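Chain IDs A, B and C follow the sequence of writing; residue 1 opens each chain.
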Amino acid sequence: MKNFEYIAPTDTLVATQALSAEPGVTTVLAGGTDLVSLLKQGIETPTRVVSLRNIAALRGISKSGGGLRIGAMATVDELLASKAAAPYRSLQAAARGITAPQVRAVGTVVGDLLQRPRCWYFRNGYGLLAMQDGESLVPNGENRYHAILGNKGPAYFVSASSFGPALVSLGATATVAGPEGERRVSVADLFRTPASASERETSLMPNEIVTEINVPSASGWKTSTYEVRQRQLLDWPLATASVAVRERGGRVSDARVVLGHVAPTPWRSSEAETALQGKSLGEDAGAEAGKAAVAAATPLSQNKAKVQLAAVAVKRAVAMAA
Amino acid sequence: MATKYDWPAADDRSLIGKRHTRVDGPAKARGVAKYSYDRNLDGMLYARLVISTVPHGRIIGIDTSTAERVPGYKGHVNIVNVGDEVQWVGSEILAICADTEEHARDAAAAVAVHFEALPHWVKDEDVKKAGEANRVQPAKDDTKGPEMAEAWASADETIEGYYGLGIITHCCLEPHGQVVDWTDDEITVYASTQAVARIPADLARGLSRDESIGDVSADAVHVITPYMGGGFGSKFNIDTWGVACAKLSKLTGKPVKLMLDRDEELMVAGGRPSDYGNIKVGAKKDGTLVAYESETWSTGGIAGRGSPPLPYVYNNEERLAQRARHLNVSTNIGPARAWRAPNHPQAAVLTMCPLEDLAAKLDMNPVDFFKKNADLTARPEVYRYEIDKCAEMIGWSEKWHQRGDSGSGPVKRGLGMSLHTWGGRPHDSTCEVRIQPDGGVSVNLASQDLGVGTYTTLSVVAAETLGLQIPDITVNIGSSKLPVSGASGGSTTVGGTTASTRRATVNALEELKAVVAEALEVGAADLVAKEGKIFAQSDESKSLSWGDACRKLGTRTITGQGKQPDREGGKLNDSGVGGVQMADVSVDVETGIVTINKLAAVQDVGLVVCLAQCESQVYGSLIQGIAYALYEESVYDQATGKMLNPDMEFYKLPGAGDIGELEVHMVQNKYDDRGVIGIGEPPVISPGAAISNAVANAIGVRVPTLPLTPDRVLAALENA
Amino acid sequence: MVSSRHSHDGPADRAGREPRKGFSRRTFIEGVGIGAGAVGALGEPGRAQAAGAEVLGPDPVPITLNINGKNHDLEVEPRVTLVDALRNSLDHTGAKKVCDRATCGACTVVLDGSPVYSCTMLAIEAQGRRIETIEGLSTDDATMHAVQSQFVEHDAQQCGFCTPGLVMAGKAIVDSNARPSMAEVESGLSGNICRCGTYVGARKAVYEAARGGTA
């Protein structure tokens, strides 16, 4: 781990001003479960770490308007314990999927969104795009855990976020603070697929901080998250799906279907949403939506199974929402 | 022929074979057990390795100039030199030390090593491709038994299939490494090792190869290892990092700690060879096996490895026609190390899986099939008994169904089984037992406790022999200055150390009895030590408490010597055991996820010394078996030559919620007269095959290779 | 290397987020020059100081950690993790360094009542928190915590290297749940890995400890 200086201001603006506008020079520390590993691995080599732990304004989970406010420093445990968050079943399920109590205790919801991809080429120092000699190592390499959608390159990693799909399906927004002020962005737009080595997997500027997530009311929505996970031990899902649906007269009138661990971002499937329209919720509708969700999948040499897993995740999430 | 050393008869045992808590349990549960990694000596420096980043290359430059200017830098030693070749990523190049752990990491990161890249190969499963890369060597072609062509002609049913399992690594939780303190008097080595008595000579030899150091006597080296955090066969040697650590200590005049990082541990300090193969088996209609042929290949790194013993267990050379061919694939990966029951888990998969496939083709219940052919094994009676017992434990007769006949719904349930064997001949051991005038008793030998329960088994043996209780005994192991005892590998420790301890204790007691006999005015042969007393059998009123008996020694200390082997020392141990395991699994055929409902294990180990610790070895084996059956595999990337998962995140191991119900039955009071036999290896052999067979039973098709990950299960279903 | 300066009794220093007095107070303003002007200038110096915006490190920084009810003063670089501070600076070697990447749980300590991985927490960030380590659970074999004595009772250890982490995770379970089901025990241990395979005993031990088993 490269040595760095440390600052833990009590004010968000000061925190953003302590950050560099240049990428890679400074970094933001929240729960640390991912960042400290990246520092040890030498993948992040900032000269300054800006800790958010003293900023009271970033804490807590509360009702806000008709919806839910999740502060940047709110942990997964807080989400699970929060009465305000209890109606958001898809968020609760995603939180329970983070099975290690040690991660839930300090890991934050926002940190989960902003964690770096778990692509093993990236984690072994080959960069976010896993390049060697100008070519990606992934298509002909060990790609069993890589993307099956949105994988035309150069990015093949999958977003590792547990909450991303659920938050996108709920239409959540993020408040982003920078030295010049605040802006709001949909959680969906927080993620992006990098088109070149100079881009990251989020749309944040290096000196911006996500201060909170706002989730609209889920009243009238049926929501769920299903994760295909091999172990009960802390483990990365192989595919996940979060759904949010509204019904009219027992038929689906609005549907949002977002897949996780299948693409470089949480993957909203309009095909699956269309397939659900007008159906009554259940296994059959879920199976159709699952099939639609992966119809355009382009598996790599070793990850064909993920196509099936993603379809099953959608099917089961829809069935659970019913 | 009976001797005074023989184990007490069954009704005369108060401790042996019973359940006891672990002697070192409190120290471990309290976190006060000091492992090598935990040693913090005054003025100690921290060392790190610099390792190869290329899978094959020649070193053309090592530049330490920047590293030497890192704050806190104290010194470095080369392990290899410019001009040398490295053969795998992670290969050790130099060791460097500094005043703090952080500075040591800075210094190591500042070393620049330049390589001339050479061609590499890291893939083993596709033997054709490996052959095209010129990486395949024939290693074995053995034909035994009846004439092969005739045997095949006599077979009514045959199956041919492809089976295998990938490379796994030991992943000891305490990594390899040590703290070395080289002073004028002594080279003290706190090593994480399975071979306390062997390390001094190993280190001395390694140091003496360096002309600048000159001859180092093994007697100058003192190894101290009261606790060690897992070895599983990978920690027999001092290794390059141990020699380098000692050199750094000499160079700096300070104690130096060098423990491997997790990625180094997984890349270079462990590794169980893969095995893949095409297997053909034939049987008559009634299930009688007639022929087995295997063509297998595997890798254990650049130098290859030995071949698995095939066919396994069912290998009678008079009645089963058999041919085993093996190819070695040479790869640029960290070299294989002995992994619990070397070659046997692979052999079990490559034998028991095809056998169950054949049973399925014959429409036979595997229990009947494996029993019917038990005469082809070395111990038919043992296996028949164990199969029946294990079937009862898992509920085989109620739950078993024909292959694939597991109902509608996405979750299918199935049963599978496997048999195994292991030798476990006791290692050589010498022991000294001391009885002090204050009643204190110590057992002294340069053995080690890897977590198997050595402290406890030796306490039990000495206490049983002296009529005392476990807390009355002090077991001193984990120091190379104690009487020499063998390395702990191959299930050799419990047999070797309990024998030397029993003999030493009996000899010490004889001396004490002589003193007591004089005091009580009875014959020494009339005396027995029991329940904390020494008394005359002929007149129990002639009795001394243990404390009073020892006080009669005055200022004298009794030392009893014992050794293994000892021809006059009675039959205290044996080798060769059998075990049977059965698995009950559920498979979600939509996701390919396998979950364990239950594993049952029946194990013969001769005379059980400590029942709880013996069972713990079996429980642990089942869990390690679940790990390699379902989760763990070392993943290598051909383009970079790197192991991509040298971590504990994608090198997957099971957790407490991933193991289902485990039931263990130790066969006691049936083979006790064989004496003590080791337990470390046998039960880890069968889980992979038993679980794979249960999955095949559940889903109706064979998933050819382990670990049985969702992608492999789904692919097998699709190909069916 | 035991480099603990001294320890003193006292409650967790909850106000300890501020660096301790006496340390050379380099303010944020002085620190903004890093990376050749890469960091934006701060408009109001007064506000920066009021906002606790003091740049610490990269050289060793004095910090105070409240461990098992005792305050320990030490000096560490900001990059030093809690597990390294415990083990290397304070000789609290019960917490083990195994995966060193927030996966295996061998470094588990209890922080303000919750189990955490001390390998991915910076020591400087653990200030002002109540840190419980395995060393704080007992003073000798006779005073073992129920989880510890049940680990012994059920032979829930082999090599023992994972044991302190499992015990601390187990303690966090029984502290928060008086009668955990076996499923809840398994769930509470889902951040800990044992290689020897002691889960059967560990599950029973935690389950029984919650139900009052002491030995």
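Just so it is clear, contacts are C-beta pairs under 8 Å (C-beta built on N, C-alpha and C of every residue); 3 or more make two chains touch, one makes a residue touch a chain.
As the structure is a prediction and not an experimental result, all values here were calculated from the model.
When each chain is reduced to the average of its Cα atoms, A sits farthest from chain B.
Chain pair with the larger contact count among A-B and B-C is B-C, by C-beta pairs in contact.
Each chain gets one centre point, the mean of its Cα atoms, and the points for chain A and chain C are 27 Å apart. Rounded to whole angstrom, the centroid-to-centroid distance between chain A and chain B, based on C-alpha atoms, equals 41 Å.
Averaging C-alpha coordinates per chain places the centre of chain B 33 Å away from that of chain C.
Across the assembly, chain C contributes residues 77, 79, 100-101, 103, 186-187, 190, 193 that each touch 2 or more other chains. Annotation for chain A: residues touching 2 or more other chains are 1-3, 99, 232-234.
Within chain B, contacts with two or more other chains are made by residues 102, 647, 649, 653-657. Within the complex formed with chain C, the chain B residues making contact are 21-22, 24-35, 37-38, 40-44, 46, 100-102, 171-175, 227-230, 232, 261-262, 450-452, 612-613, 615-617, 619-624, 647-649, 653-657, 659, 662.
Interface of chain A with chain B (complex): residues 1-3, 42, 99, 118, 120-121, 123-124, 126, 132, 137, 140-142, 144-145, 228, 230-236, 238, 302-306, 308-309, 312.
For chain C in complex with chain B, the touching residues are 1-2, 77, 79-80, 84, 87-88, 91, 93-101, 103-104, 106, 133-135, 137-138, 141, 144, 148-149, 151-153, 155-164, 167, 183, 185-187, 189-190, 192-203. For chain B in complex with chain A, the residues that touch the partner chain are 102, 105-106, 109, 590-593, 630-631, 635-640, 642, 644-645, 647, 649-650, 652-658, 709-711, 714-715.
Residues of chain A touching chain C in their complex: 1-11, 13-14, 17-22, 25-26, 29, 32-37, 39-41, 47-49, 51, 53-54, 77, 99-103, 105-106, 179, 207, 232-234.
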